[in-house]
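Before any comments, here is the structure.
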Amino acid sequence: MPIDWEPIWLTLRLASITTLLLLIIGLPLAGWLALSRFRLKPVVEAIISLPLVLPPSVVGFYLLLAFSPTGGLGGWLLRTVNVQLVFSFEGLVVASLLYSLPFMIHPIQAGLENLPASWREASYTLGQSPTRTLWRVLLPNCKPALLTGIVLSFAHTIGEFGLVMMIGGNLPGQTRVASIAIYDEVELLHFETAHTYAALLLGLSFAILLLVYGINKRVTV
Amino acid sequence: MPIDWEPIWLTLRLASITTLLLLIIGLPLAGWLALSRFRLKPVVEAIISLPLVLPPSVVGFYLLLAFSPTGGLGGWLLRTVNVQLVFSFEGLVVASLLYSLPFMIHPIQAGLENLPASWREASYTLGQSPTRTLWRVLLPNCKPALLTGIVLSFAHTIGEFGLVMMIGGNLPGQTRVASIAIYDEVELLHFETAHTYAALLLGLSFAILLLVYGINKRVTV
Amino acid sequence: AVAANAQFVMEELRNAFQKKTGITVESIVNSSGKLTTQIQQGAPYDVFLSADMAYPTTLHEQGLTTAAPVVYAYGSLVLWTLGEFPLSTDLKGLLNGNIRHVAIANPATAPYGEAAVSLLKYTKLLEKVQPKIVYGESIAQVNQYVLTGSAEVGFTAKSVVIDPSLKGKGHWIDLPAKGYSPIAQGVVILKRTSQLKAAEQFTAFLGSPAARRILQQFGYRTTKS
Amino acid sequence: MIHIDITMPRLFAEGTGALQLQVALAPGSLTAVVGPSGSGKTTLLRVLAGLETPPTGRIDSNGTSWFDTSQRINLSPQQRSIGYVFQDTALFPNMSVRENIQYAAPSGQRQLADELIDATGLNSFINKKPTVLSGGQRQRVALARALVRRPQLLLLDEPFAALDPAAAQTLRQVLLDLHRTWGTTTLLVSHHDIDVQALADRVIRLVQGQIQADYRTEVGSSATFPRERIRRIDFEETHHQWVIETETTELRSTNPAWGQLKIGDLIEISWTPKAL
Amino acid sequence: MIHIDITMPRLFAEGTGALQLQVALAPGSLTAVVGPSGSGKTTLLRVLAGLETPPTGRIDSNGTSWFDTSQRINLSPQQRSIGYVFQDTALFPNMSVRENIQYAAPSGQRQLADELIDATGLNSFINKKPTVLSGGQRQRVALARALVRRPQLLLLDEPFAALDPAAAQTLRQVLLDLHRTWGTTTLLVSHHDIDVQALADRVIRLVQGQIQADYRTEVGSSATFPRERIRRIDFEETHHQWVIETETTELRSTNPAWGQLKIGDLIEISWTPKAL
């Protein structure tokens, strides 16, 4: 049986882009949460974790409501920037971002909070802004936490399926990622094909994770 | 419309038990990963994250194969301890454990790795075993990381659905957790009921998370 | 165990059956494929109402059922929209430029999707409509696409659109049964059942006039044409 | 002129109390803060740096208000032109020695960074990470780092504690030279009389958060007694005393401990004023 | 008797080299290790504690082999009956002072923990967390904690560096008393001659990882010159010299710096042997 590689590449692309964007969004947000003494911080922390407690397909349903061209946000986006979030790769990225956010934020925030206060203080007394302190001093010193954030986000995005299925519409080459392809094969009781896909996905992911952990070990030792 | 509270309690029970068991399994495992200098550590680390990269329903499918009474493991369990893991609450717990394991392990391991080496060394020179060092010195000093592990595992177990649906079989009072109940209502296009369930689940989870974060703030300040 | 598309009618059938026999029925809803896998692994279900014949036939061939599957109804396909688009049975309306997305169930896994595709082929519109098609995991997801406005039109089951809770939500038309083969809904009793008698009573009930009336109310046909 | 007038509640060894002081530091002065462990020396530095906020008080540097509870002014540490050498050095583990020092250097000031590396004897280590440095090496990096921005006020928390006498002497000289060149107002926390001798022109003694003594010393190194080698050592039987001679000093003592000394040994005399 | 014979490659200020030494420590002895910053003092303590593993060598304590590369013996730190006071104290932030000290106390030895808390003057702080302690207070907790298990070998890395002279003196006395009572073999890294004077019966001087000098001093405190108050201070015009008199000593010097001293000031004389 010939293997369709497209869903696998699509998945890796989705996971890479999502993880990258999550890093860009997540690092400042985690930094802010770790450094600020804002009184309502526990509320923000709780809100970030909330999407997790709903089943992905239900979150997908609500996103569908929000993103659909007749919905407020979706209509506005369509009119102003001509971006359509339902049934498109962009939509998958946005949905994955939202859903994987806690996996990026929480580990990094925890890592930052565990660093000795004197590093931050030393950087401040050296006239450096909290932002520069975050990038140059604090984040580079919590590599294990960063790694955790990256690995969890990446892996979780690869495996995410309910959400992607709902928002994406299973379009080959656009939104038909590997998790959906496997799912379809299982539904069809084509277990052989499903096994092959699963093995491929596992193998690739294992290789990527091993690489990441291996590099991490090299860097930190 | 009367609300069926059973799925919600079932969910909270499942999430609490899973989180508790994950703590019991996860703390020593994370400690071992953080402290040992085992050469194949990256392999173990990668393996722990692997279940994540498969769609939950597919993991569920493989677990079904493994747990089913006709399968090797399932049959053995049934014969020796008379426990049946498919279509039972116990099965859900085992499946959730497996799937949420990385959310517990990774943050805690990262937290431990970020602690100053001298604490561990000081404890060793005081004649204390690695185990006692872990429990009395290291873990109490990475509370933010512990919190992250607990919150991510708990929230993720509440929202998990594909796996639970596959392994659990949607049996009321036994395996019909809230995520499945909401899913069913959405599928039935009973949006009102779905909204109510979702709001309830969100509200409860929000309260729990807020409590956790609030307490954490109290404790660490 | 009930396939996702039959869940609306199932509630009604369940009530009627219970009134008649006093036996309570618990329905477990999931996709036909997943239910089939679960049954293969020993799920504790008694009767399986599938959305097609293929899955129950597979189960029968594996010796997991008491008898070959019986058709208890035929589903029929409708075209549904929430917008103002004119719908016609020749499906030409789908070419309207304001229609960006046409939702159908995954033809590989869902019989209603398969039917929709064969209808599109029959009307020779498949190639032109293809770029607009989005696939739902099942009929249920197609319904959600249509209801949220994500897809302007969708092919769904008649049983869905005539559900009272959806009254007044958009409009729909019946599609001619010429272009697709009616969607046979099979039922089987599972060998592992502990309540063989009740199960048999229930399958018998499905063929009774009372059940047929309910099925027809929900847009099913009880004969092939 | 730096005016300080603060009250900061703290728990001291003797019970709850407050760090409470009014001090004016002359421009270019080098003031030593001495006092027993836990008397509030580090707290004072932290308050000046803006790392702790006292409930009431005022800090004013050359006419700029850094902190004033009555006017609700509280400049951040970044806005206060300070250099701070932490008691635990607080070096950044991810950066090499050079990077630690250059981290805060204004882009035009690379040369100063290099000079400081030279002056602190860190040349062989510029590319090493702080974790492989010895305690004393770390302290030197911290000092160089704090000086690289030419702060208005330099705060030093026991910078010589982890240095051996020779290294400390070198560093004291660096500090003194830099201090003379730029006239940075400096506050030095130290336990060691020799630092006070060699560096400070004023000594403030804190006890339980209060100033117990505040006096001027002769400026700088002229006040120290250089180490000198013993040229002669004899026991004078008549007076039962040891006679020790160095280049500038003759010493006679009945303390038998002097018997251990040999010609060529170095002696060093330090002193503590009566008031302390 | 503790026999040490190790080689451990390290980078020193002067380039790559190795910590290389052969030493035998007599039971109950108190040996001071001195030497410039980065000379390998901390590394030596870490190797003895089992926190670093040299590529070749042998450590043997009272007949028990702790480490022997030829026999592939390498006891873990836990198995080595040691007490270690880290240069950075390494107190556990989650535990109060009392808990830090009791953490390692054998269950029957609560009393010893309490005695140590008394002796180190930590009574007012027993329920405080280390983060709110001053540097000196922390150092005292670390010392008490290391002593609570009555180790065979006590390793001290600059335990007095952060203490003011009075507190250091108190603690030195505690240490000396404990050392006399139990005769724990002790290795003390220090930069301060006064520690060496007051405590050590032997001094090993490391330079670039090699023993540069190794000599005995008179045992214990008899070897120190006590601080003494100035009783008389005069300038003798004839010889152009200052004459200073204390209880045991008379000092004559042409150094003009003496002019600053007043009657009642304390003076203290420390010395460094020629060999260093």
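A, B, C, D and E label the chains in the order they appear, each numbered from 1.
Note that in this section contacts are C-beta pairs under 8 Å (C-beta built on N, C-alpha and C of every residue); 3 or more make two chains touch, one makes a residue touch a chain.
Not measured: the values here are computed from a predicted model.
The minimal number of chain-to-chain contact steps leading from chain A to chain E is 2. Note: the chain lying farthest from chain A is E, by mean C-alpha position. Chain geometry summary: the mean Cα position of chain B and that of chain E are 50 Å apart. Centre-to-centre, using mean CA coordinates, chain B is 36 Å away from chain C. With centres taken as mean Cα positions, chain D sits 84 Å from chain C. Per-chain Cα centroids separate chain B from chain D by 53 Å. Shared interface positions of chain E, i.e. residues touching 2 or more other chains, are given as 88.
Residues of chain C in contact with at least two other chains: 34, 37, 144.
For chain A, residues touching at least two other chains, in rising order: 61, 116, 141, 183, 186. Two chains count as a pair here when they touch; such pairs are A-B, A-C, A-D, B-C, B-E, D-E.
If you check the complex, the residues on chain B that touch chain A are 41-43, 45-47, 49-58, 61-62, 102-103, 106-107, 109-111, 113-116, 141-142, 144-145, 147-148, 151-152, 155-156, 158-162, 179-180, 182-183, 186, 194, 198, 201-202, 205-206, 209-210, 213-214, 216-217, 220. Chain C makes touch with chain B in their complex at residues 4, 7-8, 26, 28-30, 34, 37-38, 41-45, 138, 140, 143-144, 147, 160, 163, 165-166. On the chain A side of its complex with chain C, the touching residues are 61, 64-65, 67-71, 84, 86-87, 165-166, 169-171, 183-184, 186-189.
Those residues of chain E that touch chain B in the complex are listed here as 49-51, 76-78, 80-84, 86, 88, 90-95, 103-104, 145-146, 149.
The residues of chain A lying in touch with chain D in their complex are 116, 118-119, 121-129, 136-137, 140-141.
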